[in-house]
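There are two complexes below, and they share chain A, which is joined by chain B in the first and by chain C in the second.
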Partner chain A sequence: MVAQTETESAKHYAPVRARRPTDFDLTLPALGLLALFFVLPVAMLLTRSVTEPVPGLGNYAELMGSSTYLRVFANTFMVSGLVTFVSLLIGFPVAWALAIMPSRLASVVFAILLLSMWTNLLARTYAWMVLLQRTGVINKMLIGVGLVDKPLPLVNNLTGVTIGMTYIMLPFIILPLYGVIRKIDPAILQAAALCGANRWQSLVLVLLPLAMPGMAAGALMVFVMSLGYFVTPALLGGTANMMLAELIAQFVQSLVNWGMGGAAALVLLVVTLALYAVQLRFFGTDRLGGS
Partner chain B sequence: MKKLFALAAAAATIATSMPAAAADIVFTSWGGTTQDAQKITWAEKFTEKTGINVLQDGPTDYGKLKAMVEAGAVTWDVVDVEGDYAAQAGKNGLLEKLDFSVIDKSKLDPRFVTDYSVGSFYYSFVIGCNKDAVDGCPKTWADLFDTEKFPGKRAFYKWSAPGVIEAALLADGVPADQLYPLDLDRAFKKLDTIKQDIIWWSGGAQSQQLLASAEAPYGSLWNGRMTALAESGINVETSWEQNITAADSLVVPKGAKNKEAAMQFIALATSAEAQADLAKATGYAPINLDSPKLMDAELAKTLPDAQTANQVNADMNYWAEHRDAIGERWYAWQTE
Partner chain C sequence: MSKPFLQIRGIRKEYGPVTAVHDVNLDVAQGEFLTFLGPSGSGKSTTLYILAGFENPTRGEILLNGETLLATPSHKRNIGMVFQRYTLFPHLSVGENIAFPLKVRRRPKAEIDARVRAMLKLVRLEGFEDRKPAQMSGGQQQRVALARALAYDPPVLLMDEPLSALDKKLREEIQHEIRRIHQQTEVTILYVTHDQEEALRLSDRIAVFSKGAIDQIGTGPELYANPATRFVAEFIGDSDFLPCNVVSAANGRAEIAICDSMTVSHVPLHGAASSGAKAALMLRPERLLLSRTQSEAGLPVTVSDITFLGNNVHVTTKTSKGNDLSVRLPFGHEAISGLNRGDAVWLRFDAAAAHVFGQ
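Here is the complex of A and B:
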């Protein structure tokens, strides 16, 4: 009887089709690949953190009990924070300028931004090396115009890492900020001016609070991305500015101590996921793409 | 029909190429000019002689090697590794014993032979200097550690490996024959005195770039890299005073698929002729004792071989035993 009804209704709703694949179904192959080639190996490495060399939490105790490793953690947060701060400082005026400049000019600036994003990371990092080194373009120029009399140490230290990473992170902060600032009604700023606010007051009291969601979303994203950075700190930094990703690479490749490598990786993963959860909770995913 | 034919042809090609593919061996080294030279002077000769193709892979990665052996999926047949690693990995069961009925070890420098490894080539850490960038060049390790007489940055090898600790102890006045066991406290204390002036290089190309650009006008470099810098027309000086030797080794990972071919490859690579050819191409020294005879006398003079009078040999066995402990302390000190 039931079968009968079904055929009946099928007739009415012809042509008969299998259930339409949902968006989720369509991502299944990709998810499967990720699970197999990313999640599984990561899980295996993390498992080693509690099984090697002996079962237990010894690796974590060593990681948390050593001033060396704590210094690497602290340094990772410090560098990420600094990069985030400088990115905001430079990114905000750029995003603002983009939002108010004629669209033709804006598209040129966007093209420059995106081109730099699509350029190979290593190539960009090496370019900075050449620019920043003692005999590099920047130092030669500074000496040439007489600003300094001996070359400034701009690379193989914190300065180098901050410059290199900020440069790479800038698009990630400019794009979401641009999205937010563009949505701000220019009439609001006019209203502020009419009410007697000077330029500084309209910036601090009106524009900044309105742009805050974009700033917070961009800053958090840059901070989280910076936490796991490897290539740029490794090439532009000195050993005194070691970051967590370098420490993990050192454990895995050089010391071949996978237990410790796994433990350090788990710490990085937990911190990153926690911050990502904060981001999702407060800003959702829709603000991340600069929409 | 045409399509079907093409498919069949493709299938046939794959089928016929299968046996050849199975006999290929994979050689892994550190990339750059050194591996290029190994490819030309060893691999291509080997293929000519045996018909076995040698595929190149790299760079050498100890983490990868361990993962392959543990997973039982070893895709590397012969690997160029650092000497101290070879000695340690052999003990830890990561390597196949070498077949010395195939490899003739009677002519190989015994300093670089173990059950699991033979030398690949050997090199010296020497004191390099960019003469155009400074008034005077350091001649001894003590000079290189003297920031008053020689101000500015100096380049040292970043990784925990034989070389820098020895240099620090020699600079501090430890006699060469009393280096081992290494007095780490003393070494790090000496290193502390120049820490702010060290720029670490993590690969040979970077060491050359640092010296040539005068980012670090002097430093401790591999001798072959200094030879190459001089050849490229840069005004450099090399001091061989107490040059510290270390060697690369050739090993076969445990469970390598083409063990026999791997042994044959190592036999050829360590032959007098192949070693002489590699030395010519790289400026590193041959580990086959007959090789220098085959080489141009002028060239032989530029090799670590000719500098034995003042040479200090890093003790690979000591390093193999203490590699982990030294490494942990080394990296901790670097981040301080």
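Here is the complex of A and C:
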């Protein structure tokens, strides 16, 4: 909209005024920075993936041909999917509660959410390690109330990764969902009730479909972010369920195999971009608002 | 009126210190079209929301066919409602919207399809079932909302200012439709509006709301001819009020003195007024007779403005005490040919068509 009026007025004034910078001109410095610090290093890494140790697609063949590596891919998708699912399950009721609670209370909850987002990722992950370990608070409480008799294994496995990552991803689900739910007119739900829909039917037939754009946007964001996550899986996960980012780190740091590292990174990049394309295709930025 | 179908008994609603509805009592007959008319904030919507089950009354009772409605949650009340805002489900097509109440009632598909077609026919939107609400005009959306609310044959249909977002011409068109649909379906309708013309055009009876209470209930002509309170007199039809002194009052009639120059007897009196008290005399512009020649029975006034309004001419006059009084006459009436501002004229009225309201 703004861009259109800009260029239109620029055209209109063309004879009297010098050419005004277009929107594209204004993004050039940013694009330059992006090229220098992002595109260039990635391109160099990717180049090494097809040149080291010998030119060709050998690294990719090895990556795709080995069941060990494929298991890492599968695990990465599984963990990301699980984290996304649990985040949605928890995020939806939270976003709904935020949307209907008195605005003063809601701003307190938002402050807590944002505070947790601004806290250092490592600090938050270590905090979960402390809480979840065998002698941690959670196990002590569970034993204390007699729910279990010996500590549950909550870290260095899938449970630990899921808890830690879900906690970190929750705000990314809650915020877009909250935006969409807030825009739903309460009168629409009143109409559904008078039409005879009970709470469950209103939720499934009206609220969820109307919140779908927010859920999809949040879920895709969480899924994509989870795919490349390193710190939390490395600290809270076990060796049995390694994720792709951990594998890349291992290639580069332990094995000093830049070729394989670059190949794995490219696969991750391609998958991420493909998912991003899906998001743009179905929920283009202007459709995120729903209604 | 047949036996009370819907009974509203002493309904009161308090929001903290605010009393939104004051002890409303109302009997509605089956098939009746009853309108809540009143200014914004007078408690009309709150009363309707209590009927719908969105709000619980602080006290009072609502009976439908003699049985309490208050114990039933909204989704089991089987009541239809059309809202002020557009409330079609935006993700469903027109047909799916109308089918929604039948789907949640788990009716067979063939019955739902037939019902959707019948409803679309009723609101004259055949062929629109695959459109999305966003592709329809405001008036069409409200007609679909009406079809959706009627699809499950509710005993009572609530309408909360359903046309207030539409422009005047469209509003009149849909008022016409609503009247036809009411006659066709014989559903009992409780309608809310702040527009007196809409209320008069649609309703069998009108309940005039003021400050959370019903001032008067009656047919349009009853309210117009016999307003119980000054508020009703002001709200229904045009009226002017002159300060007057009560000379004597008995049996609902009063003898009054206006402008120190004239006394009128047998004027219908509303509210308490003892002799010597100050009161307000209500006069309707179309019930005043204007005469160019002095007469004993006429109130002397001066013409302050003349407005041509198509088939009517509106003459504004000032009494000797400086109060405005309007007279409405048909265009071309002999009494106003050649009339000018500043002219002295005399106004007469039938005592029975005037009203005195005690202070």
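Everything below uses one rule, namely that the second predicted complex is superposed on the first by the 258 of 291 C-alpha atoms of A that agree within 3 Å, B and C clash if a C-alpha of one lies under 4 Å from a C-alpha of the other, contacts with A are read in each partner's own complex, and residues count from 1 in each chain.
To be clear about the criterion, a residue touches a chain if its C-beta (ideal position, glycine included) is under 8 Å from a C-beta of that chain, and two chains touch if they have at least 3 such contacts.
These figures come from a predicted structure and were not determined experimentally.
Partners chain B and chain C, brought together by superposition on chain A, fit side by side with no clash. By the touch criterion defined above, A:206 reaches chain C but does not reach chain B.
Of the two partners chain B and chain C, more residues of chain A are touched by B. Looking at the shared chain after the overlay, A:198 reaches chain C, while chain B stays out of its contact range. Of the two partner chains placed by superposition, only chain C is touched by A:190; chain B is not. When both complexes are overlaid on chain A, the residue A:254 reaches chain B alone and has no touch with chain C. Of all C-alpha pairs spanning chain B and chain C in the superposed arrangement, the closest lie 45 Å apart.
Shared contact residues of chain A, touching chain B in one structure and chain C in the other, are absent. Chain B makes touch with chain A in their complex at residues 61-64, 66, 153, 158-160, 199-200, 202, 213-215, 324, 327-328, 331-332, 334-336. Those residues of chain A lying in contact with chain C across their complex are 185, 187-188, 190-198, 201, 205-206, 209-210, 212, 291.
For chain C in complex with chain A, the residues that touch the partner chain are 52-54, 73-81, 83, 85, 87, 89-91, 100-101, 103-105, 145, 148-149, 152. Every residue of chain A that touches chain B in the complex is listed here, in rising order: 66, 68, 71-72, 75, 133-136, 155-156, 234, 238-240, 242, 250, 252-258.
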